[in-house]
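Below are the structure tokens for one structure; questions will follow.
Think of it as A, B and C in the order they're written, each chain with its own count starting at 1.
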Amino acid sequence: MAEAEPVLSVRGVSAGYGETTVIRDVDVTIERGETLVFVGPNGHGKTTLLRTISGLIGASTGTIELDGVRVNGVRAEDRAARGLLHIPQGDHLFPGFTVEENLLMGAFPRTAWRGRGEALDRVLGLFPTLRDRRSQLAHTLSGGERRQVAIGRGLMRDPTLLLIDEPSLGLGPMIVETVYEAIGQIAAQDVAILLVEENFTHIEELADRVCVLEMGRVVRTGLPAELAADDTIAQSYLGVLEP
Amino acid sequence: MTDLISILVSTVVLGSIYGLVAIGMTLIYGILRVLDMSQGSMVMVGGFVGWAVMTSAGLSPLIAIVAAFAATFALGVITQLVSVQPLLGKRGVEFEMITFITTFAVAMIIANLALQIAGPSQRSVPPLVDGSVELYDGVSLSYQSMIMAGVAIALMVALGLYLTRSRYGMAIRAVAQDLDAARLQGVPIRRLFPIVMGFASALAGIAGVFLAAQYFASPSAGELPLLIALIVVVFGGLGSLPGALVAAYAIGLIQATASTLIGTTWSLPILYGVILLVLVVRPQGLFGQAREVRL
Amino acid sequence: MTARPTALRATFTPTKVAVSVALVILAALIPFIYPSPYGIGVMVTMAILVVLNASWNFLLGYAGVWSFGHLALYAAGGYGAGILMVHASFGVVPAMLGGVVAGALFAVLLAFPTLRLYGIYTSLLTFAAAQVFQLVIQNDDTGTTGGAFGLPSVDTLFGSLDPLWNARAYYWLYLLLAVATVAFIAWLVRSPFGLALRMTRDSLVYASARGIDPLRYRVAAFAISGALAGLAGGMYTVFNGSIAPNVMGLTPLSIYVTMIVVGGLGHVSGPVVGTILISLVQQALIDHPGAQLTVLGAILLLIVVFFPRGIADQAAGVQRRVEAWMDEGDDDDDRHEPVPPGPAAGSRA
């Protein structure tokens, strides 16, 4: 039986903004159904990495492959059409759209569009608060509601690779539970996930592997339990307190 | 009273024509973030196509409108591909300023080519439809005016429906709100942009046929519509379609009133005065958003 | 050696000064090589435009203000000087100074409404203001400005000389003014004022954090730019003996924008390169006046799409790459030739 290509293969990638290089020589591989979590200090390139993979930023060196196909020159909108789904930091909702319209945009690709009715029902079922607010304009929602819409929008289609940037940022614990339940459901469907997160409680259950990104470089990779046992990392990034 | 009716009639006619050009312009700004200075040329080209079809070829006004639509749509697409598309995502350039200049350059080229090919003289164009209805004491409303207003309003309504009810219409509205988010949902912006600009230019082209029928076709026929379109879109709020619609009739009203009561020479300075006032006091216009305007 | 201020030192490096002086001397000799009053007249106009375009480039490229009403400042200076001469019997030089002041005043007037406006809105406001200015003058029946027909019978200089020497005199005087303007701007952009100004252009947040008040700098930039534009206007009026509202039209606007953008926004040499280049193109097309705007428009488009930062920027890039290549060569030599110990090594000081 032939070995399947990794869903995502990033080799030697550097990227940044203008003259500034933020991530350097990064290697990442994600197999089908795997959940990989990136941790590390703020401002050290986790968001930049996701934006480079999704195509919002161009990589200055290295290769990025989706399902074995090189996508370096492929634009973000085309990568999205190929099954890459990026839920960015800061939500990026469409402020003048209602909750429902925002969610429907998640089903924009033609194949997803046909099933949008069902998808909408499914997502509103996952996030009951949104069901009550479906005709409300996005810019009037609270932070937690906005995050639910952002995640929900990502659930409107079936991606092959899901990039999520700090889903629990700024949220209260109850909503974080709801959000991670949804992410767990996606993970159960064999979707490859690259998650950037600070909240370790959920990382341990969800992650197959954890990578530490420091100063734009991958400095450590391993199983969640290994990294949790490593005191320096545990305290700095994972919020695990010394017993 | 005669004056009032006359003003209202002018308002409807002018407002509908301005609306077509302004809606195109504000659509282009909202979606592409380009202040398209070539919209005036599209009006001019539309007028010439209308003249050519109706006068030279002697075909019906309907064909003239369709031909003008097609010609200016193509021209708009080409303009976008040449003067906007290559600048998308380019580092080290101020996109909005540079595209202001490049679309301005395209307008320069088109106007000058028209001058070379057609000569500076004004070409009179037969009215689309003959006949009129007398409204009140010598003030008549021509059937042509009614048709123009009707077509303009119908087009604007159709556009509104498309934008709110269709998949790509929603995608276009999404792009106007958050480009990156739209891209991440898979919206093919590089294919969308030329089409949006083509369509907006085509609206101006149709306005051009109307203007030519009302007045005449000439290579310089695009200058005034461009300036007035700028005034209308700023008044309504750059990027806002309802704003452009309302502002078009408002500006039509102001111009009609000024022309009737004070005389045509002062109508343009007054309009400019209005726009300067708007830019100083409330630059986001009627329906624009303040946060996008201030430094 | 006395330490000179950093800005002066950076601007007037020996190479640059030498090259510039050589070019200026060459330029000054041209009226002897081509003794034609018409040809020299064209170059006089180029000198006027260099001053105008340099002033506009300062505002547009260095201060980052998207002002498209610059021709109103040009006209303000030109009409200012003209009116002072015709109605107030000023002499030529005082009148031109009056033009400078007029340009600066109008510019400051224009600056205030744009203070808080984001890019494109500034363009619209300045554009509209310029249109209004033009319309007001065109419809002026009072005789102050001469309305649409223009202000005639303005005094000129060097009237006693024959046409050839008249043209040459104008040329050398205006060449001097143009060189002075460009040198002034070259110094200004590297001075603390210029650096702060560029900071407000590139990053307002950072500038404010450094205690730089962007508003004051913008007004100052407008004033300086307006003063120089007013100077150009005065130069125009004095040379032509008249001025009319069509100096502000869309056609001149298109041409001058082309000159600045093709030359290179935000480069001191940009306006010079652009003005000369485009003027040459215009002269080449002198027998096909109709094609002029089409060709210029096409050039503008091509340059913007392929070299959006203009020719001067391309040239600077090439220069950088050549220098880097030459430096590379030096490194290689060092690596491949082992330095022998002893006196030879010591002499490599």
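The rule is short, and it goes like this: a residue touches a chain if its C-beta (ideal position, glycine included) is under 8 Å from a C-beta of that chain, and two chains touch if they have at least 3 such contacts.
Small disclaimer: the values here were computed from a predicted structure and weren't measured.
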| item | value |
| --- | --- |
| Longest centre-to-centre distance from chain A, chain (CA-based) | C |
| Geometric centre: closest chain by C-alpha means | B |
| Most extensive contact between chains (C-beta pair count) | B-C |
| Cα-centroid distance, chain A relative to chain C, in whole angstrom | 50 |
| Distance from the mean Cα position of chain B to that of chain A, given in whole angstrom | 42 |
| Approximate Å spacing (C-alpha centroids) for the pair chain B, chain C | 34 |
| Interface hub residues of chain A, defined as touching at least two other chains | none |
| Complex contacts: residues of chain A adjacent to chain B | 18, 54-56, 75-78, 80-81, 85-86, 88, 92-97, 101, 104-106, 108-109, 113, 153 |
| Sites on chain B touched by chain C in the complex | 35, 82-83, 86-87, 90, 92-94, 96-98, 100-102, 104-106, 108-109, 111-113, 115-116, 223, 227, 230-231, 234, 238, 265, 268-269, 272-273, 275-276, 279-280, 283, 292-295 |
| Contact footprint of chain A on chain B as seen in their complex | 91, 167, 170-171, 173-174, 177-178, 180-190 |
| Interface residues, chain C side, partner chain B - complex | 64, 66, 68, 113, 115-121, 123-125, 127-129, 131-132, 135-136, 139, 204, 214, 250, 254, 257-258, 261, 290-294, 296-298, 300-301, 304-305, 308-309 |
